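Sharing a structure with you now.
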Amino acid sequence: MNAKPLIQVENLHKWFGMLHVLRGVSFTVQTREVLVLIGRSGSGKSTMLRCVNFLEEPSAGTIQVGDVVVGCNPGVQPDDKDILAVRLQTGMVFQEFNLFPHMTVIQNVIEGLTTVKKMPKDKAVAFGEKYLAKVGLLEKRDVFPIRLSGGQKQRVAIARSLAMEPKVMLFDEPTSALDPELIGEVLDVIRELAYEGMSMIIVTHEMGFAQDVGDRVMYLENGIIVEEGLPPEMFKDPKDPRTKNFLEPIKKYHTL
Amino acid sequence: MAVEALSPPVGQPPDPDYQMGLDLMAFQQKQRRILSIKIAVVWLVLLGFVISFLLFIEFDFAYVVENAWFIIKEGAKWTIIISVVSIFFATILALLGALGRLSKNSIALGISGFYVSLFRGTPLLIQIYVIYLGLPQVGKSLALLGASLGLPFLSTVGDWFILTPIQSGVLALSLNYGAYMTEIFRAGLQSIHHGQNEAAVSLGLSRWQTIRRVILPQAVRIIIPDIGNQFIAMQKDSSLVSIMGVWELTYMANRMARKDIKFMEMFLLAAAAYWVLTIISSWLEGLLEKRLSHAYER
Amino acid sequence: GGGAETPEETQPPVEQPIETQPTEPAVAPAEDKLAEVMARGILIVSSDPAYPPQSELVPNAVRPADTKCATDQKTSAELQGFDIDVSVEIAKRLGLEACFVTPDWTLITAGNWADRWDLSVGSMTITPERMQNLFFSQPYYTTPAAFFVHTDNTSFTQPSDLSGKKIGACTGCTYDAYLSKTLSIPGEEINFIVDDAVFSGYETDSFALDDLALGDGTRLDAVLTAQPTGVQAIQSGKPLKQLGDPVYFEYLAAAIDKAHSKDPTSFVQKLTEVIQQMHADGTLLGLSQKYYGLDLTTAAGEFDVSLLGQ
Amino acid sequence: MAVEALSPPVGQPPDPDYQMGLDLMAFQQKQRRILSIKIAVVWLVLLGFVISFLLFIEFDFAYVVENAWFIIKEGAKWTIIISVVSIFFATILALLGALGRLSKNSIALGISGFYVSLFRGTPLLIQIYVIYLGLPQVGKSLALLGASLGLPFLSTVGDWFILTPIQSGVLALSLNYGAYMTEIFRAGLQSIHHGQNEAAVSLGLSRWQTIRRVILPQAVRIIIPDIGNQFIAMQKDSSLVSIMGVWELTYMANRMARKDIKFMEMFLLAAAAYWVLTIISSWLEGLLEKRLSHAYER
Amino acid sequence: MNAKPLIQVENLHKWFGMLHVLRGVSFTVQTREVLVLIGRSGSGKSTMLRCVNFLEEPSAGTIQVGDVVVGCNPGVQPDDKDILAVRLQTGMVFQEFNLFPHMTVIQNVIEGLTTVKKMPKDKAVAFGEKYLAKVGLLEKRDVFPIRLSGGQKQRVAIARSLAMEPKVMLFDEPTSALDPELIGEVLDVIRELAYEGMSMIIVTHEMGFAQDVGDRVMYLENGIIVEEGLPPEMFKDPKDPRTKNFLEPIKKYHTL
């Protein structure tokens, strides 16, 4: 058996009205593990990720992140304190970056530190600069987001999450909104995090990258985990016909 | 066009077609200037129509010139004071109202919904009458109640209900415009991309911290033009406080008109004064908007 | 108009020392309106400068430096007119300074003044409806109500010719009530001689006169208004003329809110005394001659205020 | 929630957790119902405050009941007629104005810009006065001019300038609201994604065809709520026509109030009538909005 | 020498203010040829395509489409008739589909026919149905666009352009807004058009597809055509270092 997992999700259900988006999903993420999530549009990948840090309230199921365990049942509102504890241990990166446009890069990065962690401003700035340097954007410190390229924006968003020193990072298609030639710089940053041992869940359509950094791949369809395994095996030789069906046309057009 | 864009970017070889760009710019500027001039001519022609209208009605220009300063000095002062104070309170009310409309709390939802419906649904004039005439009666009843119950402080509270004309006007304008602006602010807050909310919440910000630190600062930029529009409309609606005897622009013009039976002259003078106030307000609003868009310029 | 009679008392008005004792000793001084006003030292009068020559504003007026009036009140230097002069005279005889506030007509007639001002000297006609909310003093003058028609008109020779015609007047005022035959004025028998008038209401009389001046029958056939108002319009060059004699007289008096927080009884009595004095010594007649060129006061002086039963 | 969503989608295996979804739905519906009830209670409490306010001011209910029907029947009729006719013409004016503001033609730009500035910059009340009192003077001068020049038709033209109170009111309201709505419509037209314009133009549609076939039909959906809001505001502003003696709601209430010295009673009756009109208008606007969103529902 | 080219662009310049976006571009497209355009974001690909059908007015240069030749000079407005003639010979497909949301699928497809070509309604509908069938969406005939998936929307957009029977089709990143598993269906439609001999200019980041259907590839950088050639050669072994620089990271992450 493994050590106690960093994340343990059990029997997670999510309904939007009568739409059953997650149909009893269970999975774990170990410390230092990188889990890659693939699947069709609408299969529930984002919803799953968002349930882990309670951006969506799960309809049913148990979610454990670090030492916090939150049980969700229909009609019971999870405790605000527990939700905050979970969020402080998870960093989330979105497809559309979601930088705060009215704040400079450094203000974006220290916002969580000063407002949530009540860190003194100067200490927060030192912290923020460390993580800006890590994503290679220290020189953009005092620039407003509108002056950044897409790739730079996403790297600042990553720094903003890292500055909160979470135990696990969640990436929801971090490169889908980027021009192809800008994708590389963002993937490089994520790759480095993986090498340093950060635990992560990554939703992505970049199959080459997934194969490269993923410790484990999970294929989601219709709110159910259809197949999971080691990346090279999954991509070369998927077992389930549904997984095959999904990967075939992508391989056809994406391989030069 | 900023000056930096006029020289070729550094680190690149100089553009051999640079002159072509300059020529094109010059041409476009000329086009734009010609358009501006043509529009100015159209405005002048239309102003000419307005003036010939005045000539048709045997407009007494000399009379207007003689009395303009007195009316505008005294009248515009009150119009501006009342509008500025009222838009300030209306903005605060609208902010609270919008937060109420967007909250999940039944009391906040109920109060804000009732407030908006009541004050948008009834005429401002009647609101002014009720606040000026009706509130003191409530105060009196309270004082009576206090006397019969042996609670003398109720009598003091009752006195607060007797508002001066200016106070009544500001209260009515603030409540009325606050109700209209609640809906505007609500739309403004909702127009902030939900991703902003999600990013803030993911960092651990509470709902209120998110509103204060992330949503409001962005919404302000969006609603500034609306506040400006409301302010312009309010300048004109503030003339309703004249029924309580405040000597603002409309009141002054009207009373002069009656004194000397010069209605057209005085109304058109007032209209011109309001027009100028409007143009100034628009211009100030534009400046403010520009200042706030600092973070949004490349 | 009212017959011009020489007042019997030709003596110039003497400044009377003020009786500081309230006339009704049963009421404690703190509860008495008159006592409050006397203690305050200023008399707050409401008068809307919308009705020349009764009340109009003074362009570029300079506020006296020594005035006791509050900043949101107007001094007698900033307003002028018959009503203003009457107000100042009343205040003077009480040993007070007159200060003015200028709410519109609706707010004055509605009553419930919330002690914002002490009395209205605004040429208010005494009507039973108004007496629900207001006390009236001895009337200080009367106004004849008359019909006016366009100068081009030749078909009307007397007011009764206007039956069924389009007649304009102010909305909800006594002229409106006269045309709909609901008018009643205490102490006067009203003779309704115009039947089935097509009533056209206006915010103020002057717009009605403007509309009539557009042409005979263009928008209106006639206007019913106060005779001085019509005369003033004619003097300003409008092509109008009066049709026949005035159809009735209105008694115009100072009004006091019944709902004052202090008991106004002695205040009303005092006012009546002061105005009767002003009738008696010819002050009012002098003012009437000054502003209207005729005597509009004698009938008012003879009015028996006790008939009002207030 | 549409009925179809309540049964599992066809062609898929039945969901074993179907009951969980039903339970959740039932729970959410209950939550929503509780919230509605709580809000209704808050409204009732606030209405109670309003009514106790009326009791405080010794409101004469019997008088209101006695006169309500007459005032509302006659008054509301004219309020509605004038508002409906005016919003119709204002919409047409605003459409033309918005197209002018967005055109590249200097004359269209000049006229629409002047129009908006003039009629937004001056008070509606003064516009009504000028149209009602000033236009006839122009007509008279025209007739005089015609007589002196021997052009009798000018006298006929002059007669057209003498408008009835209703005509004057509708003209002023249409012009004034048309100016405000021009800016709303312009924003609505501009909010249509420029890709729509490009797609249409690529197909070969002319500028005017693009506006008529592609931009306008989409803009209508966006501006309907704004037209609704303006209509609601106009119902109240239409009370200004009462100064010319049109027997609409405010006039009726005011006349009764002055006659019987029942100001609070009549004003609050009028306010209640306007409030009801507003609520009905909002509801109708909602229906219309729903019908127009047909193409946008999944 | 070739026959007279279908499209001939000579010395095309485009300025936005003092930004020189196209710096004297010249190229031709032969009848039945498929030209693929690649390049970084902001290099001017879209602008070039849009100048061809006058969605942007060229600052200078000559554009010939079919028999229509339009010369553009600073300060001279091209003739509206010429522009219309060019547009009737070109069909344009956008990244964001730009279907008319207030019209059903069939109404979208016949809009150009009835409004521009003044075709009677019934004839236009027959025409439209033919092209809807071609993109495999005849059964969605009376549906509003909002009910279509992204791939279906783009196929309707293609049908809408085809219905006008243009001589050349312009595609501006037709699959960039699509989820990866929906890209295939759109590329299949375009591929079929290519096999049938439709002349096309395609801007795309799908390098596998570009290599597959392109007769010629052009690499644009900074408003200049840096390199052009046959697809297999360009992708395997680009000559210019700038082209190499662009293609390298893409190949790294996109190859499974």
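Letters A, B, C, D and E mark the chains as written, and numbering starts fresh at 1 in each.
Criterion: a contact is a pair of C-beta atoms (placed from the backbone, for glycine too) under 8 Å apart; a residue touches a chain by one contact, two chains touch by 3 or more.
Quick caveat: nothing in here was measured; it's all calculated off a predicted structure.
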Target chain E, source chain C, minimum contact steps: 2
Distance in touch steps, counted as few as possible, from chain A out to chain C: 2
Most distant chain from chain D, judged by the mean position of its C-alpha atoms: A
Chain pair that, of all pairs, has the most C-beta pairs in contact: B-D
Distance from chain C to chain B - Cα centre to Cα centre, in angstrom: 39
Intercentroid distance (Cα basis), chain E paired with chain B, Å: 48
Geometric centre distance via CA averages, chain E-chain D, whole Å: 45
Residues within chain B bordering two or more other chains: 129, 133, 137, 263
For chain C, residues that touch 2 or more chains besides their own: 106, 110, 210
Multi-chain contact residues (two or more partners), chain E: none
Pairs of chains found to touch, sorted by chain label: A-B, A-D, A-E, B-C, B-D, B-E, C-D, D-E
Touching residues (chain side chain B, partner chain E) in the complex: 1, 5-6, 15, 17, 20-25, 27
Chain D residues within the chain C interface of the complex: 133, 136, 140, 162, 242-245, 247, 251, 254-261, 263-264
Contact footprint of chain D on chain B as seen in their complex: 35, 38-43, 46-47, 50, 53, 56-58, 104, 106-107, 109-111, 113-114, 117-118, 120-127, 129-130, 133-134, 137-138, 141-142, 183, 229, 232, 236, 239, 250, 263-264, 267-268, 270-272, 274-275, 278-279
Residue ranges of chain A in contact with chain D within the complex: 13, 15, 17-20, 23-24, 59-60, 74-75
In the complex, chain A residues that touch chain B: 53, 55, 84, 87-88, 90-92, 94, 96, 98-104, 111-112, 115-117, 144, 146-147, 157, 160-161, 164
